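Some structures to go through are shown next.
The following pair of complexes shares a single chain, chain A, combined with chain B in the former and chain C in the latter.
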Partner chain A sequence: MTTLNSPMALPSLTLLGQSLLSGLFIGALYGLLGLGLSLCWGMLRQINLAHFALAFLGAYLTYQLAGAGMDPLATLAVVVPCFFALGVLMHWVFARFSVSAFNSLLVTFGLTAIIEALIQWIWTADFRRMESAYGEVKFRVGALYVGLPELLTLGMAVALSLLTWVWLRYTYSGKAMRAIAEDAPIAAAFGVNVRGLSLMLSGLSAAFAGVAGLCLALSYTLAPGQIYAWLGVVFAAVMLGGLGNPLGPLVAGIVIGVSEALTMAFTAPAWAPLVSFSLLIVVLLARPERI
Partner chain B sequence: MRRRALAGFAAAGLALSAVPFFGLPAFYESFLYLVFHWIVLAVSWNILSGYSGYFSFGHGAFFGAGMYTTATLATKAGVPFLWTLPAAALVAAAFGIALGAVVFRLPRLRGELFALLTLAVTFVLATIVLNTPIDGGPGLVLSAVPLPAIGPSPSSTFYLLGLALALATLWIAREIQRSKLGTGLFAIHDDEDVAEVLGVPTYRYKLAAFGVSCGLAGVAGGIQAMFISYVTVGETFSIAVPLYVVLMSVLGGSRHWFGPAVGAAVVTALLYAFTASDYAVAGRAAVGMILILVILFLPEGIFGQAVRALDRRRVSAAPAIDAADLPAPAAAAPGKGEGKTLLEARGLSKAFHGVQALAGVDLEVRRGEILGLVGPNGSGKSTLINVVSGHFRPDSGRILFEGRNLAALQAHRIARTGLARTYQIPRPFAHLSVLENVALPAMFGRDALPRAEAEREARRWLAFTGLAAKATALPGELNLHQRKFLELARALASRPGLLLLDEVFSGLTHAEIDDAIRLIRAIRAQGATIVFVEHVIRAVMELTDRIVVLSYGRVIAQGDPRAVMSEPDVVAAYLGKPHA
Partner chain C sequence: MPGANRSILAGFGALFALGLAAQSALAAPSGTPVRIGSTLALTGPLAATGLVHKIVGELYVEELNRKNGLLGRPVEWVLKDDQSRPDLARTLYEQLITVDKVDLIMGPYATANILSAMGVAQRYNKVLIHHTFGTPSLAKYDMQFPTGGLAGDPDNTIPKLVFDALAASAKPPKSVAVVTSKFPSVHFISLGAREAAKKRGLREAAFLEWDFGNRDFGPIAARLKDAKPDFVWVGGLGLEGNLLIDAMRKIDYMPPLHFHLFPAPGPLLKAPGGENALAATTFEEHPPFTDNPVAVEFIRLYHERAAKAGLPDTSVENQSAISYSSWQTLEAAVTGAKSIDDKAIAQWLKKNPVDAIVGRLRWDGPFNYIYGTDLYKVKQNQNGKWAVIWPKEFTAPGARLITP
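Moving on to the complex of A and B:
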């Protein structure tokens, strides 16, 4: 109640804090969505446009299963293995037809259209919102509110990014994976199981899309057309973060999310989508070798 | 050829424009309008993306820019509908050129990045339009805008407008494919760096193609705005436009101006069949499925495959070219000013992330000589060639060639000063025939010959290098030896004053090296000045007048080949220092 006495300064600070926080949380989701994309693009040279469609498919599956009475977190036990298999299958097709980086973009563009149609067919084009106990839980930190779904998203994004980083850096198979990214034929000549590891990475990326889907379902209203809404920002985060770098999308995603939140707070919400694009252009112009 | 094609276009136009006067139901006219509409979008997209290989996923943005230009001008400013169309073209083209001016400036922007950036632009534009007074949310209604009565009914007016634009677009696409611009774009598709080094102004060409492509999409958008009469952001900037145009072009064949038109007709009919039977969603899934299957199984597209089959039959019927009938090639005038400095490098430096590839190289090349550039691996020989030919900019230093400082010029301008190079690993344009490969530098080099003359010139050099029988083959059908000679023929076709050869002999057999030595002597006999980088010491000793030895990016010795090769410093650079 004391805030009422100082009419201008304090409320705007709270607002600023709240918008910074929401920027952090949405940035975490950008990072989570970008993680699988970045790994596939950087290490397997495949640009998986269908990653977004997969995430939404995961979100709708979570929505469906939760509607049938399952705990949203428990749906991961179903979604993750299914998506892993899907990712493996996808890479198998790419490897079988030796699809180039560019053609993988076209093929997954087609796949996106198919998945979008599938979603629309099953769940219609209407907006869907998952009801869950998690959505109600809110913590209060000082003057700021933090929702449980957002916290879960941040937690999963950080955990998965860090785990992937540790895997790539400290384990034998992770190092082998990095060798494949450098030069697959040479890695194969040194006894690395290129085929198996590539299939696994592709499966892992798709599984990450499934996890991102859960987070989408927890915090957002779903519609098939929304698939494309995330595309620009997340690709910007992937490119800014450096391809194949597991921590890159998260860091870049949070930078973008916070910048967007600040833009919204200081100008109009309408201009937020320009932030990621401008950042990307600036980085491309200033340090093109980064990508 | 051109007159016949023009007559064909006119005849097709006349015949098709008579259709509305036969009293066809409006429904058919509208369907045919949609076919024309998609032909315009797919064929215009193909001008940049099919020819040069830079796939734009942002065609919807330019189409939408045209739509909103017409809608805004017609509803808010009261501009007559037909007058809004040039404005739609201008706005879309200006938008495309502005975007291209930024993204094409990035050094070697990869195709995937271009595709994603253009896709992102679509959504950025949608956001701007939605949140500003241009649209503001509710959409724009054009039903009150008067439609000029071009045909007997509104639907026939749209039919005629669509037909006119489709024919114009096809004509433009055809002319571009056959022009120098088209040749340059196809070269960019295969190897942009090499195209630039051979004299193709890659930046300007991509920009020009992008501008034309976007402008045509803009007009199509303008007409479409009037056709649907209610313009909304959601419908305009959807993923449908890029998805369909990519599919249509890939399905029809993106290496020919007519391919996308075939794809557009097929896909539009297909989509229509689905929509008519209430399975619009299934239709989109089918389109996605077809895109996947075409990429995996039919990479050249329906029309592309057909054209190639036809070409093959035509080629086998063509008479073989007899090398003996051709006049001997006449290169740059020999003997003039022999011994004077032709090229002079001063203090040339270039570092890559801390590796000093060139550390202040001073060098001169005299007119009419063969200069050998030798040195151990990593001594900076290839970097030197790359810097002189403009592939890399030097960090510091000057390169004077006939009085001009090459260090400040773009690679395609360097090519026009009369300097040509070969690559150590041959880099022919994979989808152009051997003849087209060699004709290209003659078209873009110092003399900028017209196509017919450039091909005559190319045939001479093919005969000279013994490749005349392979003129119609694709580079992939040649063996290494032939590809090295193709590299040479391509460098010679621009009649360079200075020829830079990067390891022509590596990988050749003993007998092939003899061949190559004879060839280089013949080139020299016609007065060309040659710098060549070489590891094959026998060739160096037999051919060069003078050699320059590089080590760690510096010149450590130069002069008479035999004397230089026995200098202790040179021996040490190659073999290491003796341990006493």
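Moving on to the complex of A and C:
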């Protein structure tokens, strides 16, 4: 049965503005979650499903450390290096066993299940919510409200995406990384340290997952089963943004977030996923070379 | 005097025999275990509540075995993880019956999984006692017995309960917004709430639906703020209500009154913005529920076990209480029927009510549901504790509905 939602009178500017902001912030989170995934997929040819599990593991670690008295932002000093090391280890294993792109999907799916089980074993399946001073802070801009956790998420997403773009575009190692993505054997022949740079990129991607975990912990209640709730929309952002493009997931994520938010604001909220996935289908049909 | 001595001896003999009989009645159960099979969502999105049911089941079976088991036999619970997936639940119930060859089965957690299990139970003519089936109209199997306290028409009974509570308050609302997840059970009850509000002459300020799993409640919160309803009915499951409250707080808005259908109770209790939230329940940790010594003992045991399992919230509330009631029903039925035969158990249940900790359960209506009345109450988050505020006979001591 289709049930019509209550018809809207002309929406207020406040509703429009607040919805835009809401879409912007959640889009930034999609972008942050998609950044590491896009880099691994586009440059290392590894479809790392475990990226989402790592993000949630990062969220739980943030929750645990914050519960022990650490400032949530300061937990990055612990989480980021640990996750970098984890990412390096993952890629070392993949390289050691010559795991192909398709096989990486299967292997990382298994890894996701293992990480989920680990999270559940340590923190149980029950809901966990990190209470922090950041959650209570919001800014008023005219009639609109901006929460500090969301602002931090947007800031981190933009900063990391931009820095990664600058690194890939303007630094020697970044250009070398792009060369590896284009043709690894030829890049090696030109003296590029394929193995070292690939390990570093994998480490960076996992570190980005850790940062995304902090943002998840700041804004959301955590439960292990929620790992899978983000898969569809973040994959959509990654594919729309173009694989290996560090700015792509952020821009695409924001487009998806804003389009979902505006759909929820002006029509039936239940139609929001229809909008984002329709966009994906249209773009993939028009530009299939994006993946 | 010989006659008097004989009487005294007979008296002692009778006492001795009585003592022996009492001792054998409390003797540890023995013999082949009665094997009860079920699945629960031990992993996956429903695992948080699945864990509650696991704890309750384990402690009930332990207590049964500490006493006399079932029909003097020990009880073994064969529990499998359905990973919150109805398709897996179906497969596992087939396995429990055909491979593990359990004597009896108990229902899993949540509507979709119970529906899967029901199909298997029907195929093998097994009685199915279950607790969390939210869409009674889909329960067409004659040997299924719900113990969750819901009526056959929860889309009438729950909204009636809530709107009656509001109408009896000092400041009944004049306008209502109904916002709901499209998860099947909460959705259809919320549609009932929409109809009930219309029939009572309340102005509908907004009606919004979202897909189960929605992450962004910002626009929905903004629409509610624009609509300014006196009362918001939140047809939410699990954390959805919390996400909506968070989104509303971020834009500096809270509705005067808000009701949450099936929330994750711990998070809603503790959430900033959750103060004075209303929710549905069958049991809370205060009188008159705790006038029942069985309930008191269950509360004590559950607190211990939940703390040991590391749950952040160890209080007994709706989910744990209806889970306990389902085991009480099974024990009563097996004991009453004096059999573990499924048909005998089913026939006994159709004719006999069971006094469980959530209230008197009975199954003498169409497809074992009662229509027009249920065991649900309305509770409110007052000073960080849940307190029932309606109906009056179940109200927590000194509590009343707090309205703005």
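Just so it is clear, the second predicted complex is superposed on the first by the 280 of 291 C-alpha atoms of A that agree within 3 Å, B and C clash if a C-alpha of one lies under 4 Å from a C-alpha of the other, contacts with A are read in each partner's own complex, and residues count from 1 in each chain.
We adopt the following convention: contacts are C-beta pairs under 8 Å (C-beta built on N, C-alpha and C of every residue); 3 or more make two chains touch, one makes a residue touch a chain.
Since the model is a prediction, treat every value here as computed from it, not as a measurement.
After alignment on the shared chain A, the placement of chain B and chain C results in a clash. In the superposition on chain A, A:229 makes contact with both chain B and chain C. In the superposition on chain A, contact is made by A:111 with chain B only, not with chain C. Applying the stated contact rule after C-alpha superposition, one finds that A:277 touches chain B and leaves chain C untouched. When the two complexes are overlaid on their common chain A, residue A:257 makes contact with chain C while staying clear of chain B.
Between chain B and chain C, C touches the greater number of residues of chain A.
By the touch criterion defined above, A:267 reaches neither chain B nor chain C.
Shared-chain residue A:171: touches no atom of chain B or chain C.
Within the superposed three-chain model, A:120 lies in touch with chain B and with chain C [touch as defined at top].
In the superposed model, A:19 lies in contact with chain C only, and not with chain B. Overlay on chain A, chain B versus chain C, candidates 2-10, 128-136, 182-190 or 200-208: the clashing stretch is 128-136.
Comparing the two complexes, residues 116-117, 120, 225, 228-229, 268, 270, 273 of chain A contact chain B in one case and chain C in the other. Interface residues of chain A, counted against chain B in their complex, comprise 47, 93, 97, 99, 101-103, 105-107, 109-114, 116-118, 120-121, 225, 228-229, 231-232, 235-236, 239, 268, 270-271, 273-274, 276-277, 280-281, 284-285, 288, 291. Contact residues on chain A toward chain C in their complex (touch as defined above): 3, 5-6, 8, 11-12, 14-15, 18-19, 21-23, 25-26, 116-117, 120, 123-129, 135-136, 138, 140, 144-145, 147, 150, 219-221, 223-226, 228-230, 233, 257, 260-262, 264-265, 268-270, 272-273.
Only residues 55, 57, 102-103, 105-109, 111-113, 115-117, 119-121, 123-124, 127-128, 130-132, 234, 239, 243, 246-247, 250, 281-282, 284-285, 287-292, 295-296, 299 of chain B touch chain A when the two sit together in their complex. Chain C makes touch with chain A in their complex at residues 42-48, 50-51, 84, 182, 191, 204-211, 213-216, 218-220, 222-223, 225-226, 239, 242-243, 246-247, 250-252, 264, 266-267, 270-272, 309-313.
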